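As written, the chains take the letters A, B, C, D and E, and residue 1 is the first residue of each chain.
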Amino acid sequence: MFYREAGQFKTSYEADGQILPIRQDRIALLTTLAIALLVLPMVASPYMLSAIFIPFLIFSLAALGLNILTGYAGQLSLGTAAFMAVGAFASYNFVLRIPGLPLLLAFVLGGLCAAMVGMAFGLPSLRIRGFYLAASTLATQFFVVWCLTKIGWLTNYSSSGVITAQKMEILGYAFDTPARKYLLVLAVVALMALLAKNMIRSNVGRSWMAVRDMDVAAEVIGIRLMRTKLLAFAVSSFYCGVAGALYAYAYLGTVEPEAYNLDLSFRILFMIIIGGVGSILGSFLGAAFIVLLPVFLNILAHGLALPTTVASNLELMVFGALIIFFLIVEPHGLARLWQIGKEKLRLWPFPH
Amino acid sequence: QPGDQFVALPSYRVGPYAAGGSGFYGGIIDYFNLVNANGGVNGVKISWEECETEYNPSRGVECYERLKTKNGGATVVEPLSTGIAYGILDRIPQDKIPMTTLGYGRSDAANGKVFPYVFPLISNYWSQAAGMIKYLGDKSGGMDKLKGKKIVHLYHDSAFGKEPLPVLEAMSSQYGFELVKIPVAPPGSEQQSQWLQIRQAKPDYVILWGWGVMNSVAIKTAQRNGFPRDKMLGVWWAGSEEDTVPSGDAAKGYTSMTFNTPGNYPLLDELRKKVYAGGKGNLADQTRIGSVYHMRGLTAGVMYVEAMRTAQDKFGKGKPVSGEQLRWGLENLNIDEARQKVLGVHNMFPTVKTSCEDHEGSGAVKVQQWDGKAWKAITPNWVVGDKVLLRKLVDESSGKYAAEKKITPACLK
Amino acid sequence: MDMTFFAEVLIGGLLSGVMYALVAIGFVLIYKASGVFNFAQGAMVFFAALTTVGFMDKFGLSLWLAIPATVLAMIILGLAIERVVLRPLVNQPEITLFMATIGLAFFIEGLAQLIWGSQVHKLDIPIEDVPSEYLMEKFNIVISKFDLTAAAICGVMVAALALMFAKTKVGRALRAVADDHQAAQAVGIPLQRIWGILWAVAGMVALVAGLLWGARNGVQFALTFIALKALPVLILGGFTSVPGAIVGGLIIGASEKLAEVYIGPLVGGGIEGWFPYVLALLFLLVRPEGLFGEKIIRRI
Amino acid sequence: MSYLSVNNIEVIYDHVILVLKGVSLQVPQGKIVALLGANGAGKSTTLKTISTLLRGERGDVTKGEVQFKGERIDQLTPNELVKRGLSQVMEGRHCFGHLTIEENLLTGAYTRSLARSELKDALDKVYHYFPRLRERRNSQAGYTSGGEQQMCAIGRALMAKPSMILLDEPSMGIAPQIVEEIFGIVKDLNAKENVSFLLAEQNTNVALRYADFGYILENGRVVMEGAASELANNEDVKEFYLGMSGAGRKSFRDMKFYRRRKRWLA
Amino acid sequence: MQMNEPSAISAGRKVGDVILDLRNISLSFGGVKALTNISFDVREHEIRAIIGPNGAGKSSMLNVINGVYRPQQGEIIYRGQHRKNMDCYAAAKSGIARTFQNIALFKGMTVLDNIMTGRNLKMQSNFLLQALYWGPARREEIAHRRKCEEVIDFLEIQHIRKTPVGRLPYGLQKRVELGRALAAEPQILLLDEPMAGMNVEEKQDMCRFILDVNEQFGTTIVLIEHDMGVVMDISDRVVVLDYGKKIGDGTPDEVRTNQDVIDAYLGVAH
């Protein structure tokens, strides 16, 4: 009843092109943002902030990056963690080697390095498609981690290949408590999500989707495949790179190259598939699902007082089973489930 | 429950390293159960909570954050994973919770002035590497006999495998043996080319710096290529039943480092009697009692309990100590042979005496050999490598870290 | 260059390649017949090996009884997967099915360890893993008898499966299913039954791989990782070609060993992790569908 | 008694899009029934409901039932349906792109266990109907022309030797000569082998010429039904489906101005 | 060329000079000869139909014209420029747009987005500006949106503007595809069986759109169609292919009575 667009008329194309055309959605988003920005840092416990919200936001950003590449441009990739690693290690080196470099600029530069690596490894996508491409992107994954272990310079010759992220300071303001780190991450993620949404609703985004849906046809209407795909790789890797840098700076602190292993790549892939391939909201929902579910299951298993080994294995099984369950319920992910829910709400109280 | 001494156990019981994880954490928990059954630490019961990390840094951090405030606050944490240890390295000083890293992690964390809250107890990678060379020297009939020998360092191609290189390289130039470095791409389930290279190089010894499946594959592949197993010397992460059992007969004669002397101890008997007989044992399979990982867990348990005792001695008996106080306890451990005997663990691990400068507390190691069924110690005494060299490396490296992090090294009170 | 050594590396590589192919075949089987990239193949290998060992250790069965018991378990597993996972997901995009198999992988891994525990085991099969004396004396080359046996088994399996796909009605039907689930149903191909059988067969292929790899490396969780070794083989040979798996395996095996031995030292070694992928990638640039894969039809 | 009967079915896609709003229709044995209607009226959906292929498209039948030879079939699998003699030719060809034309045809005979010679006869029969297919028998279907694929799809369904065929737009993309031939084949099978047909068609002209009976579907409802000849003479059908006005066929050139379409239902 | 001209019928469409000339085109795939030595031309502003039995090579011909296939032999002269073959991008850039026999819409996108992609070549602002959705990028987006809305109005598909095309019935998809091609404001529009799968009424609509485009904007149209009624009624000249060879070329009336054409294609005289 309350969720209707009835009575909301668009009088200009501009108004119609808004990110959320329905007023209720806009209000909901703004409320969420306001809560995230103003209320959460006050009320959430440090545990929630530093162990749940920060990784959730960082993973959302990485998932968003992968979603740009896989969900929008249709190039399946298993090398996400590698791009994150490039972003993190590059940012580290920028801060280390250029004294006085503003931190945010270092993140951007780190992201750009990731973007360049992304483009280099995106080149084969011009010829290779689907799972062939996916499997090939593993080359990125292994190669980047290998380089980081081999090239001492990248880790400032630390004997163990480990880097320690420098303190986060912007304009003399130290981001050292969970709440501050959280706010920084939130700001970066919100801004980048907005940019992503803008890209998606303008020509770049449409070109990506066109290439995803039918690349031959896209070529015929004048979309240049090479440019479009490489741009997708670059933008996606940029996002992942920044996410990787945040992962090191705002979350783990000290990281070894191994932290960006294949496992991480997979987890991010799960996020977008569970959340919704080709949906910005889906990146967030998916990240929430993958970050929260194991925690939830873990707590639940403890509540049941099962022997830990049994509990841990059951956790894994339930996690797997839930993935399958959600795919069966809605193959297009949580975002689609959400959308269907809204459509039903719009029709409510009538079933159809 | 309030009034308990709470310990956070971010454990892993699924995934590739589950076997090790269940043994190790099982050992800790068994010991805690035993201590509780005996009335606790001066009457203070120990409580703990596990949290599944799957050996994954980000889940590990979540576990740490979740557990650290439980039950009035965790007072010590042991992730048994380098990645997780790094992930919480920056957090523990802020939360004032000491972290132990038994036999892994940053070797330079032995310097308590820079890493006040980190305790690489008993022995770290560098001590181990030095101990290995010492052992090989002794075996060859003296350190001077190492000259002209060829030693292959077959390592897991990751931060872990590269960790001992500073020590090995320094010793190679010092003693004049040739060091051949051969990396294995993780996870290491295929090593044909490496072993062909080894066969080609005809080394005197092979140091196996492996982890997980890489170890059993190395042993198997050595057999397949006809390399004698008793010339292989593994690190302690390549020296458990989990590493030799899958290789079957191929592992007979294989040697590895350890910081526990294999065998039976009064403690184990007591455990069987008081914990397992009552069905409270943590291991599903009783034959694993006293296995390498289990014993390592017991050792960790002993360390914690001794640290609790030490801390209680200072801060007041009969009540739980805070993380900060337990840190002090860990920094002032003194488990000599007499104490070991009291605990029923005489010679199970080297004597430990920690201080602010030395969070390691020992640095002694042993060599054990697999006889096809069980590990047997083959060095009667504890082996200690070149302490001076190690100290220098630790100071250099931790100094660099301190500079990068802008820390002024100092001892905590 | 030392020719014997070269030959040894080469042959060792080829034989390792066969072992990779053994796993790759499992992938090909499912992909070729249903268009599903089965991420759970590694988990199935692990499950199969662990179940065999479990029957031996926990129930005291001999190997020859444990194997049929495991075959039965794999069949049940295969049928269950069809019923619970695949049937509701008919006609969904490839990526969804792929994701479902990831969920499946978690499930199977958890299940295997829940039932049989997380201990590592050895698996003794009556094939010795020692150098063949004959070859040693005759050519001074060290080759394990085990590898030779594995190669033979793999060859037989490839031949059987290739024939099945090319010549039989079921093989044709399977290929049809991979192209278009819905149309396959429309012509009356009993998708569900066929998939059930298929996954059961894949389970048995996994069992063979699990037995051989388990005997070689021990039965432990890391068996699930050998999928990573099979992937480059798969893309090089082509997802849809059974013989491709073995040819790809040989190429990858040989070249990765040669590269590790001859190029590795120049760049610091440890390149086996990524080299096969890069190599496969280069091949793909020339033939995007792999060496023997079916050409990807892109028409408008 | 009707051979196939669809009783008051309601279909929803994706839980929210209501497409069929109570459709009922009957196909008597040995008859050809045409299902007509504009784009999006729900013809294909009706056919997919009957052949139970809807499940794969996230469509749900929320009401009604389908009977074939007096038995309910909505819970059966497509495979069982084909075995019982009900085959569907799907809209949009759906050939197996990587299989050759001949392999495509052979999969059509999957449910029948035929000896080699019988298979060959069956193939020959299809090739006889569609000589073009014989020429292209060894090409991968994915590389054949649109029309060739359409023929292949029809031929494939014939290979199952069904007693009832659901044909979804068989004439789409087919040259006029072949269209006549296809309908000729339909009539032929109908007459000689007593095969019943339910065909969804846009080419109303031809469809009504060959069909016995017709239904007109609009917006998910049946709005008109009757004998084919009756429908063909109905003024509205003439105007909107056959493009005729009072004075014979109108040239497409003259259709320049927007006309208000007559709707039977609001 | 303006989309928003009043839709009055323009006074009289003039068929102009040859704009596209195909000379001796041959194309084969492996052993299959799809086209053998085909020559024909297309004049400016005309509606040129290509007909022929299934597999005759009609679609292949269109694919040659806009650069999807490269002929082994022959020459294409487009606006006086000789080329051996086109490439897709160049063809699109020089004003050739098309629709496909098997609908090639972007399934995951809405109707509006699909049509907007048709204008991608006309969008100038770089992606950073687009990411900021600011200034010129925003103005450009809105200007193009306006153009696309004109196309949508023209094709009468306002009500489905925001629907994902995957959910549309076949006939509407064809219409959207036409819209996407029109959005590019092409000089030459290649239509591959635009009316397949439509009933008479819808065909009438489609014819009206095609004729309107042709008359209002002077767009040259090359059309493949199996419905003889349509072809005969709306095309100016027809070329007939059979087995990759040209067997007829001329006005609808000439073709209709050509015996070869009747034998190969029509069956009966239409």
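The rule is short, and it goes like this: a contact is a pair of C-beta atoms (placed from the backbone, for glycine too) under 8 Å apart; a residue touches a chain by one contact, two chains touch by 3 or more.
In UniProt terms the chains read A, C = Branched-chain amino acid ABC transporter permease; D, E = ATP-binding cassette domain-containing protein.
What you are looking at is a predicted structure, and each value in this text was computed from that prediction instead of being measured.
K.L.:
Compute the shortest path length in steps from chain B to chain C over the network of touching chains.
P.N.:
Steps on the shortest route: 1.
K.L.:
If you check the contacts of chain B and chain D, which chains show up for both?
P.N.:
Output, common partners of chain B and chain D: A, C.
K.L.:
Compared with chain C, which chain's mean CA position is the farthest off?
P.N.:
E
K.L.:
From the mean C-alpha coordinate of chain C to that of chain E, what's the distance rounded to whole Å?
P.N.:
48
K.L.:
Using mean CA coordinates as chain centres, what's the gap between chain A and chain B in Å?
P.N.:
36
K.L.:
Between chain A and chain C, what is the separation of their C-alpha centroids in Å?
P.N.:
Between these chains, centre-to-centre, one finds 32 Å.
K.L.:
Going by the touch rule set out above, which residues of chain C reach two or more other chains?
P.N.:
109-110, 113, 117-118, 228, 268, 270-271, 273-274, 299-300
K.L.:
In chain E, what residues contact two or more other chains?
P.N.:
Residues 68, 100-102, 104.
K.L.:
Using the touch definition from the top, which residues of chain D touch two or more other chains?
P.N.:
Only 17, 143 qualify.
K.L.:
Flag every residue of chain D that touches chain C in the complex, lowest number first.
P.N.:
Touch list, chain D to chain C: 51, 53, 55-57, 77-79, 81-83, 87-90, 94-99, 103-104, 106-108, 110-111, 140, 142-143, 153, 156-157, 159-160.
K.L.:
Enumerate the contact residues on chain E facing chain D in the complex.
P.N.:
Where chain E meets chain D, its residues are 9, 29, 32, 52-56, 59, 101-102, 156, 167-172, 193, 196-205, 207-208, 211-212, 226-230, 233-234, 265-267, 270.
K.L.:
So in the complex, which bits of chain A are touching chain B?
P.N.:
Interface residues on chain A, with respect to chain B: 45-47, 50-52, 55, 96, 142, 146, 149, 156, 158-162, 164, 166-167, 251-259, 263-264, 294-295, 298, 301-302, 308-309, 311-313, 315-316.
K.L.:
Spell out the residues on chain C that touch chain A in their complex, using ranges where they run on.
P.N.:
31, 37, 84-85, 88-89, 92-96, 98-100, 102-111, 113-114, 117-118, 228, 231-232, 234-235, 239, 267-268, 270-271, 273-274, 277-278, 280-281, 284-285, 288-290, 296, 298-300
K.L.:
Provide the residue numbers of chain B that touch chain A in the complex, in ascending order.
P.N.:
Residues 11-14, 18, 22, 25, 49-52, 54, 56-59, 61-66, 68-69, 82-83, 86-87, 89-91, 106-108, 157-160, 162-163, 165-166, 185, 284, 397, 400-401, 404-406.
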